[in-house]
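The structures considered in this document are given below.
What follows is chain A paired twice: with chain B in the first complex and chain C in the second.
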Partner chain A sequence: MNLIENENYKVAYDSEHQSVVFSGILRLGGMAEYAPIAECLEQAVAENSELKLSLKALEFLNSSGIAMLSKFVISARNKAEFSLQIIGSSEIPWQGKSLKNLQRLMPSLSLVLE
Partner chain B sequence: MNNKSNNTKTTQQNERIVFQQITLVVTGFLLTFLILGFAANIVLSNLEENYQKLDYLVNQNNAKAAGITKLSDAIRDRMLIVYEMLHTDDYFELDELNMLFSSKATEFLKSREELMALDLTEIQIQELVDQREILKKAQIAFSEVVANALNEKGVDSSKLVRHARDVNAGVLNRLKIMMDNQASLARQDLLEANRSYEETRHKMYVLGAAGLIMSLFIVYYIIRQIRTQGQVLTHVMGQLEDSNTTLEKRVEKRTSELLQTREENTRMSTELEIGQELQTVILPREEELSEIEGLDIAGYMEAADEIGGDYYEVLQHDNGAIIGIGDVTGHGLESGIVMLMTQSIVRSQTYQENQSISSILKLANKTIHDNVSRMQSDKILTLLLLDYKRNNGNTATITYSGQHETILIVRSNGELEEIDTDEAGFPIGLVTEADDYFKEETVGLQKGDTVVLYTDGITEAENSEKQLYGIERFRDVLSSHYEKSANDLKDCIIEDVKAYIGDHKVHDDITLVVLKQQ
Partner chain C sequence: MAEIFGNYFEVTPEQGAEHMCLSFKPSSVPIKQRWRNNGLSADFLGDYLTTFFPKNNNDPASIKKQVSIRDAAAYIANELLENAMKYSNEDGKVPNSIDLTLMEDKLIFTEINGINNEQENSFKSFIDELENNDPDELYMQRLEESAMTDISSGLGYLTMINDYQAAVGWKFDINNGEHKVTTQVVISI
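Moving on to the complex of A and B:
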């Protein structure tokens, strides 16, 4: 279990269940501050052939965060035979359009809006 | 306030400690004085007693010695008188000697009485009583001798005198022994007095030493107390100093923080002002809007205090106009810069003949992405471009590209169309390889058709209950007022949104562009 967290957010990578769960509010300043999370996601891509990304408890993600997720999806797209599933919430405003954009970056991405 | 009260507290504490120390010193001195005084009193009273005892003994001794000597002298004198009486024939002399003999007897008795009045030992008293009997015999003998002498029977007296002399010699000897005894007693008394003196001296040493030890103990106790209080004081002073230092540091830190915050606030507020200025200064002017042939255009933008970065544009070209609307994330200077760059790219590309809006968007995407990376910023934006082209007559076409909010079209008959643009583009600046995502779609326009472009500042406007204005309400307003001119329709919409927000805070820029096909 790899955990990155502070009082506002939590990102937990569970290698056993091949999942990364995001929760809280992510409003970090710039790509540099997102680097630890980006590295964690890169590691998850490298270690697995299947990965589930749960964002349904992530209430807010700023544009840097969206950029970080987009870069992660592109890197996942570039890995052969890699299957990625993103679970979002249809009730959180930022997610609808942004997650669909992620899916457009990686057409094989399975997007579930709960 | 805390510091002041701490100081007052410390001063009070200091005063208390000084008072305690003074009390200790005074108490110590008083105790030492009392102990030494007590010791001196005991020693002095002992010495006084010894002196009185010794004085008494000396007086007694002297008196006894004088008494015994007087007794001896009287006996010796009487013996001499008897001898003289035996060797004289003169009757008158004999008579005189007889009288002297009697007076010596009186003297003897008197001395004896005096001696008896003294503090005699039992042995001495017994001795004097015994001597009385002997002396009585001697007296009888002497009296006979004296009578014989007076009767001139000198020959018979010789035997008597010898007898009396022997008796007297015995008495004298006893008196000498008595004298010696008295001297021995006096020596004993002296020894006793010496011993008592030594005892007193010893007592004095012991008491003096005790007083000294006690004084030392008191002095030690006082010093220890003073030292302890000194340590307490040092500790308190240290704490006070620490707390003062901490306080100073905190004040310094807070001041620095405040200054920094103030600087930061000033900087941010300045940046915000510049950003807002940048945002509004490049907006199309009223006259530009009215120059577009075939279109009635109304534009509105209100920059919020917090979040800014909305953009709209109307650029005339040979056969119509390029209309754009966008929303840069964040606010302030960077958002303003990104918005300016976007405007420049769009404008510069419209000078190129036959440049498609999707190409402009692709170019804008790469430029903004690379520039924003260079700025080490995280700005992205939504950007929708419309290429309005007049046809013959009152019709026209609108080609759109880019991902933004929906496009609302109210046809002249009131029918409302909402076009989703999600598939027509991609966030500008998010990823470089996004060319594939920019698509173009075209819709036709008839006379009286109205196209409404907006930013999320309208649909996400909040009322005091934090409920969003929403697309439905927006559509209702459009449906109710679509027949109005672009400007009036714009006013109706803004009025409704403002009424909805009420006193609640305006969170985001509100931007609206109304295009009416004439």
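Moving on to the complex of A and C:
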């Protein structure tokens, strides 16, 4: 388990279950501050052929975080035969508004809002 | 002489049903140390608004509306405050401020900060790009670019416009020799 966390958020990469789970509030100050999370996501793409990303407990993400997720989705798109599922929550308004754009970047992405 | 771009209109607090303003002195404290104040202020504004959209536990629509307005207000206010902190002229005397005015059918965010020449030119070139392109295409283009560069410039405004259906406008003017920019974001409620 690869875990990145502080008092506001937690990102856990579980290689055994091919999943990355985000929770809390992510409002870091630009791409440089997102680098450790971006690197963890890159590692998850490199090590797997399918991956499940759970954002169900991610209450808030700023636009720099959206850029970080876009970068990850593009990296997944560019890897041949890679299957990506993103699970969000229909109870968290930003997810219904902004996550669909990730699917536009990678049409084969499976987006589920539970 | 003020220069106006986008959807901008003068609004006075008297026009709104409710109004709240937070003002901050430009500071020499490092941004990293002050960054969390953006989220705290944005959440405060979002929570403050919920008073005017009470939820009735027997009415799911009222619960959804309150959650949705709180989320949108916190997102937009946070993006405006982050931009102001990253791009304002910290050597100037113009305080950073954010004003939230609640009207019958809309919410108006008005953010003011001082700006230096270089910041002003860069900001105006982004506004020019926004006015001459389809915002949706520009948004997707910026997301694609995020994979190539570590710069996510303008993405906050593009999410407000595309994902929150916000109307955005700017006023650049000079006050006592100091340049300032007023950013206005309007969403329907």
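In this section, the second predicted complex is superposed on the first by the 114 of 114 C-alpha atoms of A that agree within 3 Å, B and C clash if a C-alpha of one lies under 4 Å from a C-alpha of the other, contacts with A are read in each partner's own complex, and residues count from 1 in each chain.
As a convention for this text, a residue touches a chain if its C-beta (ideal position, glycine included) is under 8 Å from a C-beta of that chain, and two chains touch if they have at least 3 such contacts.
No experiment lies behind these values; they were computed from the predicted model shown.
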Quick one: chain B and chain C on chain A, clash or fit?
clash
Kindly classify A:3 by the partners it touches after superposition: chain B alone (first), chain C alone (second), both, or neither?
neither
Applying the touch criterion given at the start, work out whether A:104 contacts chain B, chain C, both or neither, answering first, second, both or neither.
both
Using the superposition described at the top, determine whether chain B or chain C touches more residues of chain A.
C
Return first, second, both or neither, reflecting whether A:46 touches chain B, chain C, both chains, or no partner chain.
neither
Would you sort A:92 into first (chain B), second (chain C), both or neither based on which partner it touches?
second
Once the shared chain is lined up, is A:62 touching chain B (first), chain C (second), both, or neither of them?
both
Contacts of A:25 with chain B and chain C, given as first, second, both or neither
second
On chain A, the footprints of chain B and chain C overlap at residues 29-32, 62-64, 66-67, 70-71, 74, 93, 97, 101, 104-105
Per the touch rule, the chain A residues reaching chain C in their complex are 25, 27, 29-32, 60, 62-64, 66-68, 70-71, 74-75, 91-94, 97-98, 101, 104-105
Chain A partner contacts - residues on chain B that touch it in the complex:
329-330, 376-380, 403, 422-423, 426-427, 430-431, 433, 437, 460
Listed in rising order, chain A residues that touch chain B in their complex are 29-32, 62-64, 66-67, 70-71, 74, 93, 97, 100-101, 104-105
For chain C, which residues are in contact with chain A within the complex?
31-32, 35, 38-39, 67-68, 71-72, 74-75, 78-79, 82, 86, 139-140, 142-144, 146-147, 150-152, 155-156, 159, 162-164
